[in-house]
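Letters are used for the chains, namely A, B and C, taken in the order the chains are written, and counting of residues starts over at 1 for each.
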């Protein structure tokens, strides 16, 4: 199968317009007869569901949480980027496009990335209209802050709650359409399989998490908006329920998986403090605007941070990257922290953290300004650690965060299965090998609100003539049967170890070998170990409770079973890519100064993996740079 | 008109009216504290004036209505609120997040209502309805209401009861006054801070005022 | 660290529930409260028992999904936090910890500590939105909003919808939740067009969902993880009166 990215003709700035002009439309009466399933109710899912409903489609939206509003988009703190150039600091669509492409180390499509930047400005207009209380200047105009990896101020924010506020806007709009009876909402419902009929996505199998009942839903198209899968590392900044099952099931049904190993490790999370820890809380990257990162110059310096004089502190980011300093992109900041921690300079109880210090900012801007900017983040920090960060520096540490990888999609956000779309974090589209801060909310929203509602018509226009799928089709029966057997099998193992035990094992291997820095031997070992974990899981796991009731342990087990398989693919992908790019750092490929060594001549492609009966087959989508010249990424 | 909000409005408005009434009531009661020669005539002529004024007659009916409505709608709200929380917590430390008064306005209100029955029997029933022992006339020919109070407050049990009841009264007024304003939609930030102080002052004056009169009269 | 958990167990919405005791050893102070429950659940699995069903998702205090009554307080002994932000360092070795689900007629128990809060979604459904379609927005800076207005809207908008206000309120009133949402939208110019309809319909829905009325005990603002002020309720009342008068 040849990958067709469907990039429209014309110069960069005209591509999206050209696409819209040429794509098929559907008249309002016919739209009413077409139905779309949206899985996930985060920014991209709720945005897509509400907008598709506004257009007239009949929408069903599913989420595993108790309410659509809980989706993990809420957790993004820092902000959302847009090329508005409100600060008059030389920003433009082109600059934002270039920053994003460069931030991703030239491993994404020009056309997609440009479209992301192009649609960023109208997105801010949209959210303001929907009532998002963005931060404002005294004069009433919108305020901006700066963020990692760029030199302009283009980040819009709502205190430290930007994700929550955008999410609530999306949720509001979604419930507006629920009220209008154009969206039917199914909370506490988890998609367990995709139903493909005659090669096209036509429905899903869902487990009702309250009753345990397996249910069938059919539609003319299926949209996955299921977020990232970094919980494969177990300890991550993600919500505990975030999982990769929907995309994994789609992958197994034929959707190619794009760049699965591209995972962002966020530099400013709270460090792990015990083995029992379930989650690493993220502290917004925006803190790096005013906070300075350092470790003591001496190994094993046990003095309290405030007792360590200036000249004995190593502000290593400022030292290594003088022009970006503390605002270096995430992958670089994380790796630099890891370098210091591995060299023994780490601080804190487990020597696994670095300091993030606001002393200078407070001296310079005053306590009030800092409180205004980061008040709730400081509060949150104190709630969790019991430390007052106005008085002593925060302790931070890298943590698994964002999945740049995801289902491979073309310019229309359609996967390799016709009628199956992937939007938001669960696709691989715009961020390349590393995502810039405050681009995640942007991509999720732009995908859901603006792109998908335009591109899906193009497919549904042909489907409107076809028969509408029925849940009585044998494919539905087959899929339901398979899932039912899968569940029975897990419950029947009745072994001696808990699901969390295996998740910890998987996380340990993944974090060790497939996180911030990777090497051939380690990845090969990881694949072997994960396969052993898989074998052990299916022999020794113990899940109590029944299938036909609310059973949180069973939910975890089902998710972990998929994570284990996904972990193998991630390591396989990391092993195959013999270069360092963005967040993907292969130790064998680095410069003398320890910077990433990209190999455009051999690896300027997107890896798209096809599932092949338990094995994976690589397809390559060559990345052609028509408009920019991929440079060596330097933030020095 | 049967919405929860409407019921709250009724309770708040009648409550505020009763608060105003209490100011007048207490002011008049302070006459009882004057030397006997002055107090008796003044108090009796004051009460005669009230009884005979047509305006006051109307206000009196409004007052009865206010008491009944206040109690009735508060009861409706309480019943409805109880229904909203059918199952109680096994352990509940509500004292850590709110005052005891605010949690028990219904109970306090009921105590005050029971007191009110007795209070009306003591005074209103005798003076206005002529039930029980007949009330005599004073030197000026006014009904000797002063004597009624004087006799009552020389019974130590009544003194204790009337004094003690001023505690729940003060608590009820303290929470009731500020909440009434908020229920009616007063949300000015500085104003609410002021209101909180005013509520304390008001409740203390009412509580201490009504509580101390029986004691002073007792020792007269 | 060792504690005795007394936890409400209830098989289903129509089953009878009861408090059951669990002595749990091997905890440490750095564990979050929910991680202690995770730990207990692992022990239960190994003892071939069903796990305790409880809610959580983000575990960083923002999604609003977690929430139980711990030792007589919504979200535990501290003011203004979520359950997931509570850590075992707040308890002493040997403590007894009573854990109960949110109690309210409008929040029926689904299982163990999990309740159904969809009533809150239905309040939102009745008007917590701005009726404008995607693609119809004017330029963002074309409507100026003074910083004070935006900040106040943000204060109200910070609600995470956990339901602690309802849980702690002796009347199970959802007034703080509803007020926060109404004030968020109604204080912004974008929300003005539908302000009266919004306040009337959302308050009506709050009532028919079976929530009680606000008697200003103030418990809600003490338990609210986002410290949303109870003044919001007074403001909502004012908006309601205004909507009735201007009808």
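Observations, loosely collected:
Note that a residue touches a chain if its C-beta (ideal position, glycine included) is under 8 Å from a C-beta of that chain, and two chains touch if they have at least 3 such contacts.
Not measured: the values here are computed from a predicted model.
Chains A-C form the pair with the most C-beta pairs in contact.
Every chain gets a centre from its CA atoms, and the centre nearest the mean of all protein CA atoms is that of C. Averaging C-alpha coordinates per chain and comparing to subunit A, the farthest chain turns out to be B. Chain centres here are Cα averages; for subunit A and subunit C they lie 26 Å apart. Annotation: 37 Å between the Cα-based centres of subunit B and subunit C.
Distance between chain centres (mean CA atoms), subunit A to subunit B: 63 Å.
Residue positions of subunit B touching 2 or more other chains: there are none. Residues of subunit C touching subunit A in their complex: 12, 27-28, 30-32, 34-35, 38-39, 41-42, 44-46, 48-51, 53-65, 78, 81, 85, 87, 89, 110-111, 114, 116-118, 120-121, 124-126, 128-141, 143-147, 150-151, 153-154, 157-158, 160-161, 184-185, 188, 190-191.
On subunit A, the positions that touch subunit C within their shared complex are 47, 50-51, 54, 65-72, 74-75, 84, 86, 122, 124-126, 128-131, 133-142, 158-159, 161, 163-165, 168, 171-173, 175-176, 178-179, 185, 187, 210, 237, 239-241, 273-274, 276-279, 281-282, 380, 383-384, 386, 449-450, 453, 496, 498-501, 542-545, 549-553. Considering their complex, residues 3-5, 7-8, 77, 80-94, 96-99, 102-103, 105, 175, 178-179, 181-187, 189, 192 of subunit B touch subunit C. Of all the residues in subunit C, the ones that touch subunit B in their complex are 6, 8, 19, 69, 71-73, 77, 79, 98, 100, 103-106, 168-173, 203-204, 207, 210-219, 222-223, 230-235, 237-242.
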